[in-house]
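Chain nomenclature is as follows: A, B, C and D, assigned in order of appearance, with residue numbering initiated at 1 for each chain independently.
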C-alpha cells in the first residue's frame, strides 16, 4: 500500500502560485455581471465565456507546471491569507486530484458556457444566467482547490447556492421555485453532516487543513469511533451533494433548470463533489473494509440500482438522464468506497462521465430546442434524420455510457465493476446488473427519441441547432470516445493520482483484462438490455400516453416513492410541529406573560371594590389595622 | 388602682370607636371621636397620678383645646354638607369611591 | 484621559437638541442635519477605531470623571475590543437607518395609493434617533457599572417612543410590552448592581476594580442571577423572548433594525463582560442550564420562525435563534466560541439589519407585512429581490457571508471547548447545527412565497428600489460579503479581549490555534 | 411641689422660621378681619409668599451660620436639628410653589357657605373673587407641618399634627368646581383624621404611662432600661404608629388618600401630597428612630409587613384607576411604601443611619417636587366643568399640547424611577441604604431587607405599568374630538412647573449637590 505523498508548502511563484486566478476570473465575471446588471446585457454572455475560458487556460498552465515537478513534489499547498486568525487559512492545494477536477470543471464548463450562448439566446435574462454560471464555476473550483475543509465547505455551499439560483432560474414557474428550494434544503441536510464531521475532525486532530491532517495521520494512523463517525458524517454530506440514497430526491426535480445547467451542474461537475469529498478524505475511509468505507460502497451500489430503475420509467428525457446520472455517480461511489484500488476508476469514470453525460444532456437540450422545449420522449421519434449532428453526438454518448467496447465508459465503468467484484463480490455483481439495466433504459431513450416514426405535436418542425451549440457537442463526444482508454490503459490515471490519493500495493495493481468474467457478463447483460429495449421501443409502436404499467413501473415512475417517504416522514410531522410550536409560543409562553398581566389587572379591579366610598368602612379598616398592629407587636414582643 | 381608670378609659375609647363605626349621623360620629379624645384624657390623668408628675394633666388641657378647635372645624364642615345634601348621614356622601 | 468617547456621545446629543429646536415645518432640514450628525459620528468612530491598539491595554480611550461621589459613581468610559466593534456597529447602522426611515414619519402611501402610516412629527423621530445613538455608544463605552445601568435603562425610553408613536397598528401594546419587560429585568439588575457595590465594599462601580471582588460563591450566584435575567430578557433568550416579535413587528423598520441589531446586543454584551468576569464561579456553575436554554432558543426560534406569516415577526424569530447561538458561544467559554459570539453580535447586526430594511422596503410598497400578500416580486423588482435574497442568505449564514464565520466559530468553538470535560457542550453544538437546515427552510420558504412564482396582481405596480434605498442596502451587503471573506480585521480586535475575559473567568481553554492548524 | 415658677426659655432665633410663618398666619387672620374685601387678596399674596420666602431664608441662614443646635430647644419641646432644617426647607419651598398655584383663579369657591347650584352661589360667583381665608389657612397648615416633624415630645407632635390637619380639612372643602365631591372629601378627611389622631393620642397616653414622660429623650432613656415587653408600651407603640402611618397613607390606613386627593382642590392636593407627606415622614422617623430606637427589634417586623403591603397595594390598585388625581394618589401611596423601606434601613451604626436618613430626605425632596409639578400640569388640562380628571380625556394630549404632555410624561417617568430623572436616584438611594443596612446586619436581617427591596422592585415594575399607560394615552392614541382645552397658564403655574421640572431634570443629571445637602443634614442625625 503506497500512502499519499507529503504536502509541501508552495514557495516559488510560478503558475501554481498564481493558481488562485482560476477562481478569481469567473468570480470577477459574476461580480461584474451582477453589479453592472442590465448595462451588460449586450456583451454579458461573452464576458462570461471569456472568464470561463481564462480560468481554463490557467488550469491547463497550472497542470503543465505540476506535471513538470517530480512525483513526490506534486502536492503543492498555496497559502493565500489568514481567514480565521489562528484557526484557518484561506489557501489552495494543487495536486493531481484537484487539478484533474479543475480541468474537468473549467473545460466542460467552458464548452457549456459556449453552448449556452445559443441555447439561451432568446432568454431576456441571459446575462443573469451567465453570471450564475460563472459564480458556479468559481465556487466549484474553490471546492476542489481549497486546502482545508473550511474552504471546501465554502465552495460546497457556494455551488449549492449557484445550483439553487440556476434551478430556480425561471423562478416565475412555481415548480422551478419549489425545486430550487428543495434542492438547497436537501443539500443542507448533507451539509449538516459535513459540518459536524468538521467539528469532530477539529476536535480530534486540532486542524482542518489537509496538509496538517496528513502529517497527523502519518504520525498516528487514526482509528476508533471518532474516525467512523467522521467517515459516516462526511458520507452524509457526500450523499446530499451527489444525490445518493437517501438524499437523492432533489436531483430529478432539479431538471426544472435550463438544460445547460443540468448538463454542467447536475451531471458533469457539482453532483460529483461527493465523490471528490470521499476520495479527498480517503484517510477517514481507511482501511477499505472499515465500516464507513463499506457504507460508501453500499450507498453507491444501492443508488446505482435505484437510479437505473428510475431511469427505465421516465418519459421525460431529462429526468431519464437525471436517473442515469444518479446511477453513474452510484458507480463512482462504489469505486471510491473500495479505497486506493478504486479511486483511479472512480475518478476516471467521473471524468469520462462528465464528458458523455454532458454530451447527452446538451444533446437533449438541442432536441428540446428543436421541439419547442418538449421534454416528453413519447412526443419525439424519428429525429435522427432531422438533426443528424445532434443524433450522432448523442449516440456516441449513448454508446459510451452503456460501456460499448473501446469507448470511454467501457474502460472506466468496467474498471469499477471488476474491482468491486474482486473486493466486494455482492456489490460488484449488483453493479453488473445495474450495467444491464443501463443498457436497457439508455437504449430506450435513444430509440424513443431518434428512431421509430414521428409522434410530434402539430406545430413542431425540428431543425438542427446552430453551430455554437453543435460544436461543444462534437468536442464532448470526442472526449466521450477516447478519454476513457487514455486514462485507464496502463493505469495512467492511477499513477498520476497516486501522490494525491495513494495507490494500491503492486500485488493488487489492476491490469486491464477485456475477457474477465465480470466484463463479459456486463457486455452480455447490456446487450440483452439493449435488445429488450429495441423490442419494446425500437420496433414496436410507442403509445403517445404512458400505459398504466405494473407496480414496478409506477414504483420507478414515482422515484421509488422517495418524495412520498420524505413527505410522510419529515414534511408533515415538520408542519405539524411548526404549527404546534407557533401555537405554544402564542398561547403558552406569551399567554403566560399576558395572563400574569391580566391577573394583576383583575386583582386590581377586584381590590378597588374595597374602596367602597363609605367613610365608616375606612374607619373600620383603620381600627382593623390598629388591632392588627397591636396584635402583631404583642406577638413579636413575646416571641 | 390606676388599672380601674385605665379600664374605664379603654372602655370609653372602645365605645367611641364603635360609635364611629356604627352611627351614621356625622354629628354623632364626631361626638364619638370626642369621646375617644376624652378617654385619652382620662388615661393621661390617671397615668399622671401614677407617675406622680403633672405632665399628664397638662396634656389633658392641651387636648381639650385641640378638641375644641376640632369641634369648630368639624361642625363647619358638617353643616356645609348638611346644607347641600339636606342630610348629615355619613353614608350619603360616597360619590368618591373605587 | 482621552476626550474621544465623551465627544462621541456629546455629538449626537447636541445634534438631537439642534434638531428638536428647529422651527416648525423644517422637516427636510431636520433629516439632513440628523444624517450629517450621524455621519460625523461615524467618521469619529472610525478615527477612534483606527487609533485602537490591538496589542495595547484592554481598555483604551479611557476617561473617568466624578459624577456622584456620595454613591461612588463615576462617569467612566473606555472601550475594549468588543465594545469598540459594537460601537462601530451602531455608528454604521444609524446613518443607514436614518436614510432608510427618511419618509417613515412623513406618512407613507402604498402602491395603490392607500395611506399606510399617517404623518407624524419628523423632528421628534430623528432627534429620538440621535439620542438613542448617544445612549447606544454610552452603554457600550461605560466602564462604570452604574453608568452602564443608567444607559441600559434610559435607552428604553427613546426606543419606546419610536415604537409607540411611529409603529404599526398594535404599536402601543408592543411598546408597553417591550418597556415593561425590559424595565422588570432592569430593576432586578439594579438590585444586583447595588448589592455588588455593597458586598464588594470597594466604594466604586468601576468594572476593572470590581473584577474578582466577589469571592463568596453563594453571593456570586445571586448577583449573577440578577444580572443574567436582565440580559436574558434583553437578548432575548427563551422563554423571555415574546416581547421581541411584537416589538420588532410593530416598530418602523429602521427602529426595528436598531432594536434587534444593537439594543439587544447589550444583553449578550453584558453577559460576556459582566456576568462572566464579575461572577466567574457562578457563571461556570450555571453554564449548563444556560447553554440548554440557548440551544432551545436556537431550535425553537427557528421552528417558530418557519410558522410565521408576518415577515417582520419571522425575522424577529430568526433573531431569537441567532441570539441563542451568541449566548451558547459566550457560555461555552472557549476562545473560539466567544470570539465567534462577539463577532456574531456584529455580523448579526449587519445581516438582520439588511433583512429588516429590505423587508421594510417591500412592505412600504404594499403596506402589508403578510407574506401571503406578495408573490412573484422578483419579476417586477429584481433589485429588491436580489438584495432581499442576499440578506436572507446572510440570515441562514451561507458560507462566504459574514454570518457564517461567526456561526461556524460558535459551533465549532462550543464543540471543541474543553471548559467542562463533559460531552454536553459537544451535544449542544451538534443539536444547534440542526439550525443550519431549519434556517434554510424559513428563509428560502419566505423568499419563495414572496419573490418567486407568478406575479401577484397587487405587486404589479411596484417600483424597484430607488437610489436612496440602494444606498441604504448596498453598504450593508458590501460589509456582509467583505467580512464573509476577511473577518480578520474584526477578529484581531476582538480576540485579545476574549482572551482577557477567559483569564478573568479562570477558564483554561487553549485556543485551537496553539495546537497547530493553519501554517 | 416646688413653688418657684421658672419662666420658660425660648430660643426665638432658632425657632424664627416657624414663628414667622405662624405670625404671618395670624396677621392674615387680622387682614381677613379688617381689610376691605377687594384689597384682601392683594395683601394676602405678598404677605404669604414673603413670609414663606423669609422663613426659608431664615432656615438657610441657620444652616449657613452653622448655628444648628445640638439640644432640643424651647424647653425640650422642639428639636431644630439638621433633618428638621432640611425638612423645613423642603416644606417651605413646596408650600411656596403651592401658594403660587393657589393664586390661580378658579380653584376656590366664592362662598363656601352657599349651597351648590343655589342662587346665592351664582351671586357670589358674580361678585367674583374667592375665599381669601385660604391664605391664612395655608399658612397655619404650613406652620403645623413645620412643627410636626420638629417636635421633640409627643404632646408638641400632637399639637403640630392638629395644627397641620385642621386647616387642611377645611381647605379640602373649598373647591370651586365639583363642590359635592370637595365637601365629601373634606368630611371624610376630617372624620378619619380626627379618628386617627385619637388613636395617636391614646398611644401617647400609653407611652406616657410607660415612660412617665412624653419627651423623646425621656422615652428613649426609659426604653434603654425598662422592659420592652410591657403590653402598655406595645399598645402605645402600635396606636402611635396608626396615627403616623395614617398621615403618610400607609396600608392599611391608606383608604382616605384617593378620595381626599380626588375631591380636594388640586393645589391643596398638591400641598397634601408633598408637604404633608414630607412632614409626616419626618415625624415618623423622629418617633421611631429617636423615641423608639431602642426597641426597633419589636417594630421592625411589623414595619416590614406594612411597607411591603403599602407598596403592593398602592401599585396594584393604581392600575385600574380612571381618574388622574386618584391615580396619583395611589402612586403616592406606593411611594410612601418605598419611603418606609428607608425607615426600615436603620441599624445601630451612625454611618449607616445617616446614610439611610439622607436617602429618605433626598427621596422626599425629589418626589415631592415632582408631585407638585405633576399636579400643576393637572390643573392646566381643563374641561368646561373644571379640570379634566378622567383619564380618557387625556387621550392624544401629546398631539394637542406636546410640550405640556411631554413635561407630564417626564414627571411620570420620574415617578417610575427611570434613570436620568430625579426619581431614579431617589429610589436608588433608598434601595441602596436598605441593602447596605441588610449587609450590616448580617444574614438573618440582611435577607429580610433584600426581600423587602425585591418586593419594592416588583412593586415599582407594576407601578411602571400605569405611569406608562398614561404616556400611551397621551402620545400613542388619537385625540378625542372634543378633547379638553389647555388653560392658558398663569405665571404662577408656569413657575411651579418650571421649578419642579428644573429640579427633576437637574437632579436627574447631577444629583450630587442635592445629595450633599441631604448628607450634610443627615450627618448629625436627630438630636436624642
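By our rule, a contact is a pair of C-beta atoms (placed from the backbone, for glycine too) under 8 Å apart; a residue touches a chain by one contact, two chains touch by 3 or more.
Labels paired with UniProt names: B = NADH-quinone oxidoreductase subunit K.
This is a predicted model, so every value here is computed, not measured.
Here the chain at the heart of the shown protein, by mean C-alpha position, is C. Of the two chain pairs shown, A-D and B-D, the one joined by more C-beta contacts is B-D. Averaged Cα coordinates give chain A a centre that lies 79 Å from the centre of chain D. Spacing of chain B relative to chain D, judged by their CA centroids, is 25 angstrom.
If you average the CA atoms of chain A and of chain B, the two centres end up 96 Å from each other.
Centroids built from CA atoms put chain D at 44 Å from chain C. Among the residues of chain A, those in touch with two or more other chains are 608, 611, 613, 615, 619. Shared interface positions of chain B, defined as residues touching 2 or more other chains, are 17, 20, 29, 90, 93-97. Within chain D, residues 187-188, 191, 195, 258-259, 465 each touch two or more of the remaining chains. Applying the touch criterion to all chain pairs gives A-B, A-C, A-D, B-D, C-D.
For chain C in complex with chain A, the residues that touch the partner chain are 181, 238-239, 241-242, 300, 303-304, 306-308, 336, 376, 378-379, 383, 386, 393, 398-400, 404-405, 408-409, 411-412, 415-416, 426, 429-430, 433-434, 436-437, 440-441, 444-445, 447-448, 451-455, 485-488, 491-492, 495, 511-519.
Within the complex formed with chain A, the chain B residues making contact are 17, 20-22, 24, 29, 90-91, 93-98.
By the touch criterion stated above, chain A contacts chain B in their complex at residues 608-609, 611-616, 619-620, 623. If you check the complex, the residues on chain D that touch chain A are 187-188, 191-192, 195-196, 199, 228-229, 231, 234-235, 237-239, 241-242, 245-246, 251-253, 255-256, 258-259, 298-299, 301-302, 305-306, 313, 316-321, 462, 465.
Those residues of chain B whose C-beta lies close enough to touch chain D in the complex are 2, 6, 9, 13, 16-17, 20, 26, 29-30, 33, 36-37, 39-40, 43-44, 46-47, 50-51, 53, 55-56, 58-59, 62-63, 66, 69-70, 73-74, 76-78, 80-81, 83-85, 90, 93-97.
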